[in-house]
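Below is one structure, written out as structure tokens; the observations come after it.
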Amino acid sequence: MRITRQSSIVTALVASSALVLTACGGDGDLPDAPAPGATATDDGDAADGDQLSGALDGAGATFPNPVFQDWAFEYSGSVQPGVSINYQGIGSGGGIEQFLLQTVDFGSSERYLRDEDLDEAAEARGCEAIQFPVLFGAVTIAFGDEQLADLVLDAEAIAGIFQRDITNYNDPAIAELNPDMDLPDMEIIPVHRSDGSGTTSVFTTYLDHTAENWELGAGTEVQWPADTIGGQGNEGVTQGIQQNAGGVGYVNQAYALVEDLPTARVINDDGNAVSATLEATTEALEVLDIPDNFQFDILDVAGEGFPIAGANWIFVWECGYDENTGAMLRDYWTWATQSDEARDLAEELGYAPLGEGLRARVAESIDRINSQG
Amino acid sequence: MSSSASPGTGPSAGASTTPVEEPSALRSRGAARYSDRAFTIMLWAAGATVLLVLGAMVVRTVSDALPVFQYQGFFSFVFGTEWHAGFSRQEFTGTYGAWPFVWGTIYTSLIAVGIALPMSIGVALFINFYAASRVRQLMSYSVEILAAVPSIIFGLWGLLWFVPTVLHPFSIWLNSVLGFLPFFGGSVPNVNYFHAGVVLGIMILPIITAVTREVMATTPVDEVQAAYGLGATKSEVLRKVVLPRSFGGIVGATMLGLGRALGETIAVLMLVGGSQRFDTRLFFAGDTLAAHIAATFQDASPETLVALMGIGVVLFIVTMVVNIVARLIVWRFAKTAGAGDAL
Amino acid sequence: MDPQAAGAVSVAAPNRPTREPVGAPVFELRDATVRYGSFTAVKGVGMDIPRNEITALIGPSGCGKSTLLRSLNRMNDLIAGASVDGKIMYNGEDIYAPDVDPVEVRRRIGMVFQKPNPFPKSIFDNVAFGPRLNGYKGDMGDLVEESLRKAFLWDEVKDKLKESGFSLSGGQQQRLCIARAIAVDPDVILMDEPCSALDPIATLKIEDLMREMKDEYTIVIVTHNMQQAARVSDMTAFLTVDIDDEVGERTGALVEFDTTATIFAGAHDKRTEDYISGRFG
């Protein structure tokens, strides 16, 4: 069966979110229905490098939201004072949706556009959509109990834990991986995200690909077994693992670093047990073979790389922007992906920036923005 | 705001304030009649708006949800126990059975009512019949404030303080004592049906208390006096006259509370467990209809979004069924008791 | 303040139209004063209410006759701030003594109210309400029937005992309330304007019933209707309002208390005569 009325669904999304949020007492970030397309204040002939002025609207994943806000602040503050960048963290699904509906200047998501999405996009706009990664983040396995810090796990063990096949920390499967550790006799309470989340997608995609015993599939939400608990966002998961003796959950690296959570070392493709550090994440990407269309998952990580990681993609168009908007998009994303300031900001917040090789390839993609006029 | 007469004189302002010069009786009446008609039209419009909004909401939600009912079948959507979100933008690929959420919604709401109802009756009786007038004011005021606390506060308070320091230890103790019974057995995570239900109960306490109090206050003095005159003690008067008299109203109050509990979203979302499974166990981490919509809609794929609309429709139906059942209870009671004025 | 009132009490008036009073009085009031907070509703009442007679309390609005009636079974306790000074003795016992339980008082001294006030229950359950409170052990059916018979209501309701008390007419409802009061087997029944909400025929029925009841019960009735007092009561107490213009307070006081025949044939006090003849109140 085909879902025929996509635009009506999105309207419904906005309407329903308004309802839900009203019922919730009004929190969260509602997509602000940004003005479509051009929002430039003047249609002058500003070329790259000149003083630019205008506004860029973007929407999508919540995962990179802290960095995007910092970037926007820094960029408007000291790089291009005339440009303001409005980014709405509405979720990865919403990011793709709003981008394809052309209601924003750029979209962002924790999953890349598949071929069928790209086809649909080309049909809608009359030119190609461009996607490129800008940030990476590992997904760490965090515990509530300090004594479990640096516990070694492999994909099968993680799968067993989250499928409730392994329900106690003294399980032989865990003991085998940690011969030197005194494992507590404690029930494991797995904590997952209850909201649809790119983090879940990265985590389950890794398990789906790596662990033979994994049966739950992959996606932004999967059907977890009974006697696991869900938490809303990274905060909710952290609450869950901290409030339950034996709690274990997966959280974004950035969050685990800031909260200083005890995390597991995970065995990668080369059999090395790796802690989730920023270096280990960047390392993971160096050894990864990334295709030119940037359609990739971070899998089969080897060497000293941490094996569970995801990327954040930006979506823009090859055509259809006015001159000024195109220039602003090129200038902003070039700054965000190539400059040292932007890289430092990302690392401070616990995100892994692009590595050397990838940076140059992303720059080529950015140059294509609005190249078809 | 505009009621104070401005220096610039409009006909109606001149007519309604004390005139300095002789007013024309005709003009005054004409203005009054005109404003009367405008007022009537406004009231009609207000009434019609309510119906229109409700109608538009129902029609829109149902029509948006229709594809998932066609794909899954309505009954297997409502009673199916597997909820497996798909990620397609084009077609349905997942499995959508909302029963775990229906179950969780009813389960947590019943816990909430089970806790709130006796407490509310107690509080209402205390305020109405026992408290000295100063205490009475303080208590009614407190109840009103409790009613005004936004649910996000309840959620945060529950998740960060009440559950970890009070409720969770209590649940663990209960589990250790009564864990041999399946109902209290299993593991006791920090989020589960019981914890969500208790916090929900606290949330609906004010509304049930407020209505119950008002209903009790309307107990005819005659009947109270008659009972006293027959040698009833105070507690006998409350149990045998005030409570039976207030039954219809208390059921009505309970329904109001239940309605809020069924639809309550954010506090439940933070406390119910966020899994897509269900169980009879009290300490099981489950999910409710409203909480699941709120948790997942933001990142939902288009096909799942349609399924979430379906959940919305089911929630609407559950609420309606509960209301109808409540009305039947009140109606039956009114019939046997001969009290025609029950809510 | 009003020793004359106490002095006017003449239980053994020579020209009593009915029987001699049996034994000691049921109630002895000595300088009884009822206050609501700082407001004095009725002041300095002294009287002896005889057993197995019907005693009527009459007087203009605000004279405190209902207040006085309700002080006889401590119904005033239900009003916040109500207090009683002086003595109100029931069978020689001060009912306002600290160790007296008002609930026990009310079980012996029943009450029928101005407006018929059956419970929203069946006729049967209305009558059985009091006995159930008291944990009555006998056959409830018999007790209900007996009470309804005594209240002249049995024949009218025996086929519909399960129907709501509200299904009855006003007069029937009031008789149901009387049956309900009788069912707990009280000693005294206080009636607070029991017929004021009823039509004349229903009123006559209640009056007949009262006359019948006095063999078993002592009845004290408050009434606005002087013909009614004349028709049914053996003794009549006339109360009036003293208006203190300076403070603007209205206080009830007993003017005189005597046999009904005496009061209506030729009251000793001018105020009573004025009231009875319709010149006042």
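Which chain is which? They are A, B and C, in the order written, and residues in each are numbered from 1.
The rule we apply is simple: a residue touches a chain if its C-beta (ideal position, glycine included) is under 8 Å from a C-beta of that chain, and two chains touch if they have at least 3 such contacts.
Bear in mind that the values here come from a model prediction, so they are computed numbers and not experimental data.
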Chain closest to the assembly centre - both centres taken as Cα means: B
Chain located farthest away, centre of chain B as origin (C-alpha): C
Mean-CA-position distance for chain C and chain A (Å): 85
For chain B paired with chain C, centre-to-centre distance based on mean C-alpha positions, whole Å: 49
Euclidean distance of C-alpha centroids - chain A vs chain B, Å: 37
Chain C, residues touching no fewer than two other chains: none
Residues on chain A engaged by chain B in the complex (per definition of touch): 1-6, 8-9, 12-13, 15-17, 20, 23-25, 27-28, 62, 90-94, 96-97, 116-117, 120, 187, 189, 192-198, 217, 219-232, 236, 239-240, 243-244
Chain C partner contacts - residues on chain B that touch it in the complex: 220, 222-233, 236, 240-241, 244-245, 337-340
Of all residues in chain B, those that touch chain A in their complex: 60-61, 64, 67, 70-71, 82-92, 150-153, 159-160, 163-164, 168, 186-187, 189-192, 263-266, 269-270, 273-277, 279, 284-285, 287, 290, 293-306, 308-309, 312
Residues on chain C engaged by chain B in the complex (per definition of touch): 73, 75, 78, 103-104, 106-108, 110-113, 115, 117-122, 129-130, 133-134, 163-167, 177, 180-181, 184
